[in-house]
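Look at the two complexes coming up: chain A is in both, with chain B in one and chain C in the other.
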Partner chain A sequence: MAAGNTYTPIATTTFVSAQASYTFSSIPSTYTDLVLVSNLISPSSGSLYIRVNSDTATNYSRTNLYGNGTTVTSDRASSETLSYVYPGAIGASPTTLITTFNNYSNATTNKTWITRANDTTLDVSAVVALWRSTAAINTILFAINTGTMGIGTTFTLYGITAA
Partner chain B sequence: MAGIQLGLIGSYSASLGAYDSIATSVAGVGGTTSVTFSSIPSTYTHLQIRAYGIVAAGVTNLAVQFNGDTASNYWWHQLYGSGGGTGSNNSGASSPFMYMPTFATQPGGMVLDILDYTNTNKYKTMRGIGGSDANGSGQLSLSSGMWNSTAAITSITLYGSTFSQYSSFALYGIKG
Partner chain C sequence: MANTYVKIATVTVGAGGQASIDFSSIPATYTDLKVVLSLRSSVAAAQDRILIAFNGLTTNYSLTYLMGDGASASSGTRAAFGDNMAGYIDAASNTASVFASTEIYIPSYLSANNKSVSIESVHEDNATTGRAILLAGLWSSSAAINRLTFTPASGPNFTQYSMATLYGIKSS
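Now for the complex of A and B:
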C-alpha cells in the first residue's frame, strides 16, 4: 500500500566556519533508509570518513571502486576503526558524496552503506561499507582526517520510509 | 522457499507525494527466491527500488524482469570492483540481470532507478548501484540495463538465489 511522501529531510547544516567534522545525532529510528548528501567546498587534502554510533572499535570494512580518467582501481580494507567514504586525499574542488544507508534502524542484522563520490578534479568513486553491529544507527559522524572542510560545506540527512 | 507476490490492486491511493513508497517485501523465515511487484500504478514518472539483501552462503546477484517477459529482450552492462581487481561485462539479448552482489551472511545494498517506466514510445532503461562487503571480501558494481519493449512497466520481478530472512525490497514512485 502506498504510504505517501516518504523522502523526508531530517536535518541539514551549512558551515559558517571551517570544521573538521559534523555529527548527526539522535537520528530517529522511524525510517527504513537514510540518505546523506554531502557537498564539501574547498576542503583540505584529507580523506573523508563516517563513524556511526561513536563506535571506535575495529568493526568497519569496505570495498572501493574508483576511476581517475586513466585507470580503474578497486581495493578494500578490513577491521578498521572508521569507514572511509572517500579513502583518497580529496582535492580543493567541490566534492560531492551521496551515501545511502539501507535498513539502518533494524536491530537484527549488520549494517551496510554505499557512497558515490565525485571529486571534480581527481576521480569518481563508489564505496560499499560494512559495520559489524546489529545496533540501529542513531548517530553519524562525517569527518576529514586532515585539516578541515570549508565555509559553505553542506550536509543534509534524509529519511525514507518503506510502506 | 516461495517467492513473494505483492499485488497492489485495490490498495493504492493516488496523488500522494513526490517520492512515494508503493510496496515493500521483507523475507520471512526461510527466505525468498523472488519478489514480484504487480499492478504498479502508472501515476509516477520514475520508479526506484531500494534493496537490502542477505544470503546464507556464497555470493548471489539479483535479476530484474519486467511484465513477466522471459524472452531475450534485456541488455545490460556492468562495471565492478572486487577489492583486488576490476572488470566490466555485458550481455545482449539475455535474461534480465542487474547486479546486487551479496556475500555470505553480510548484507548487501542496492538502489535501482527505472526511468520513464510508463512511456510507451521508447524502450525502458534502468541503472543501479549495488554492493556488499564482508570484512575481507566484497564487490561493488555499477550497472545499467535496457528492456527492449515500449510497453509500460506494470510488474517487476526480482530474483536471485535465496535471499535470507530480513532481506527487504522496497518499491518507490517518483513524480515528474
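Now for the complex of A and C:
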C-alpha cells in the first residue's frame, strides 16, 4: 500500500466515559475503501455489531470463522437487522477489531465488509458480512448490545484512495 | 495533506543472514503501528516460527490462534514467551526463494492499557504443508511500546532477502 495521503483519517474518538456505541456520520464518498480500527478497553460481556445508514431492516447476513483456543468453528446467519462483527459475547480484555469496507461508496452493488477480531481470552475470528443495499455507506454505528465499552476505547475511521 | 501512513524504517537482511530484526527507538508520534514482514529462516526444517518481543521484554505475553494447514484447522492458546509466535515462516527445507508473509497491527501502542495485537501470517511453498494463521496477541503491560524485536524461534538466522517494514499510522 502506498504511504502518505492515500490513507486518510476521516474521524477518530477516544472514550472519556463508558459508552454503548459510537457513530461515524456524514462519511464522505470520496474514497475507494474504508478501514475502521476499533480498540476496545474493558468492554462488558456483550455482542458487538455494526449497523450502516441506520438501516434496521433484515438486510444483513454474515459468515463467521473463529477459534477459541480449543476448537475451530464456522457458522452463519442471514436476514438479520444488524451485522455482528464478533461471533459471540466479547471478554473484558483489550480487543482489537479491524473492519474493511471495500468499494463502499458505489451506488450499484450490495456492500460487503470483513472484520478481523482479536480477544486473547476468548476467540480470534474473521467475519464476513453482506448488506443487501446498493446505497453508498454514509453512516456507521458500532455498538455493544449489553453494557458498555470502557474509558480509553478508541475508534478511528480511515478512507483509502485507490488513485 | 499530511502523511498519516508513514514508513518509519525498513530492514533488509543481507548476505549471511541476521539473527534478529530490531526496530528500536520507535517514535511516540503515531497512533498505531503496523509491521509488514517477508521472512525465511535458516533452520533445516519445513517451517520455523517468528517470535515477537516488545521493549526487549520476555514476560506477560499470551495469544490465541486459528490455523489451517491444508489438511485440518485448529485453534490453541500460548502464554510462554518462547511460544509467543507471530506466525510460521518458510525455512531451509522449503522450496528455495520462498518467503512467508505476515502483517501485524498494533493499535494505541502508546496507551497505558494492555496492548492488543492483530496478526495474519501465511507460508506456502507448492511442495509441503503451508499454513495460514490468524492470531490474537496480548501484551499485558501499561508501558508504551518503543521497541519491536523479531527473532526466528529456531533459526538461528533470518536468511538473506528477508525484509521487514515498520509503519506509523496517525489518526489525525
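Everything that follows uses one rule, which is that the second predicted complex is superposed on the first by the 158 of 163 C-alpha atoms of A that agree within 3 Å, B and C clash if a C-alpha of one lies under 4 Å from a C-alpha of the other, contacts with A are read in each partner's own complex, and residues count from 1 in each chain.
Rule of thumb we're sticking to: a contact is a pair of C-beta atoms (placed from the backbone, for glycine too) under 8 Å apart; a residue touches a chain by one contact, two chains touch by 3 or more.
All values reported here derive from a predicted model rather than from experimental measurement.
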item	value
Combined model on chain A where chain B meets chain C, clash or fit	clash
Chain B versus chain C as contact partner of A:Asn103, first or second or both or neither	first
First (chain B), second (chain C), both or neither touched by A:Thr161	first
Which superposed partner A:Gly147 touches (first chain B, second chain C, both, neither)	neither
Touching partner for A:Pro28 - first (chain B), second (chain C), both, neither	neither
Touched partner set for A:Arg116, first chain B, second chain C, both or neither	both
Touching partner for A:Leu65 - first (chain B), second (chain C), both, neither	both
First, second, both or neither for A:Val37, with chain B first and chain C second	second
Which superposed partner A:Ser78 touches (first chain B, second chain C, both, neither)	first
Chain A positions touched by chain B in one structure and by chain C in the second	1, 3-7, 65-66, 72, 116, 126
Interfacial residue positions of chain A with respect to chain C in the complex	1, 3-9, 12, 37, 39, 41, 65-72, 93-96, 98, 116-126, 152, 154, 156, 158
Complex contacts: residues of chain B adjacent to chain A	8, 11-13, 16-24, 41, 50-52, 54, 79-86, 106-111, 129-142, 166, 168, 170, 172-173
Parts of chain C lying in touch with chain A, wherever the complex brings them together	1-7, 31-32, 62-67, 73-77, 105, 107-108, 111-118, 120, 134-138, 167, 169-172
Residue numbers on chain A that touch chain B, as the complex places them	1-7, 32-33, 61-66, 72-76, 78-79, 100, 102-103, 106, 108-114, 116, 126-130, 132, 160-163
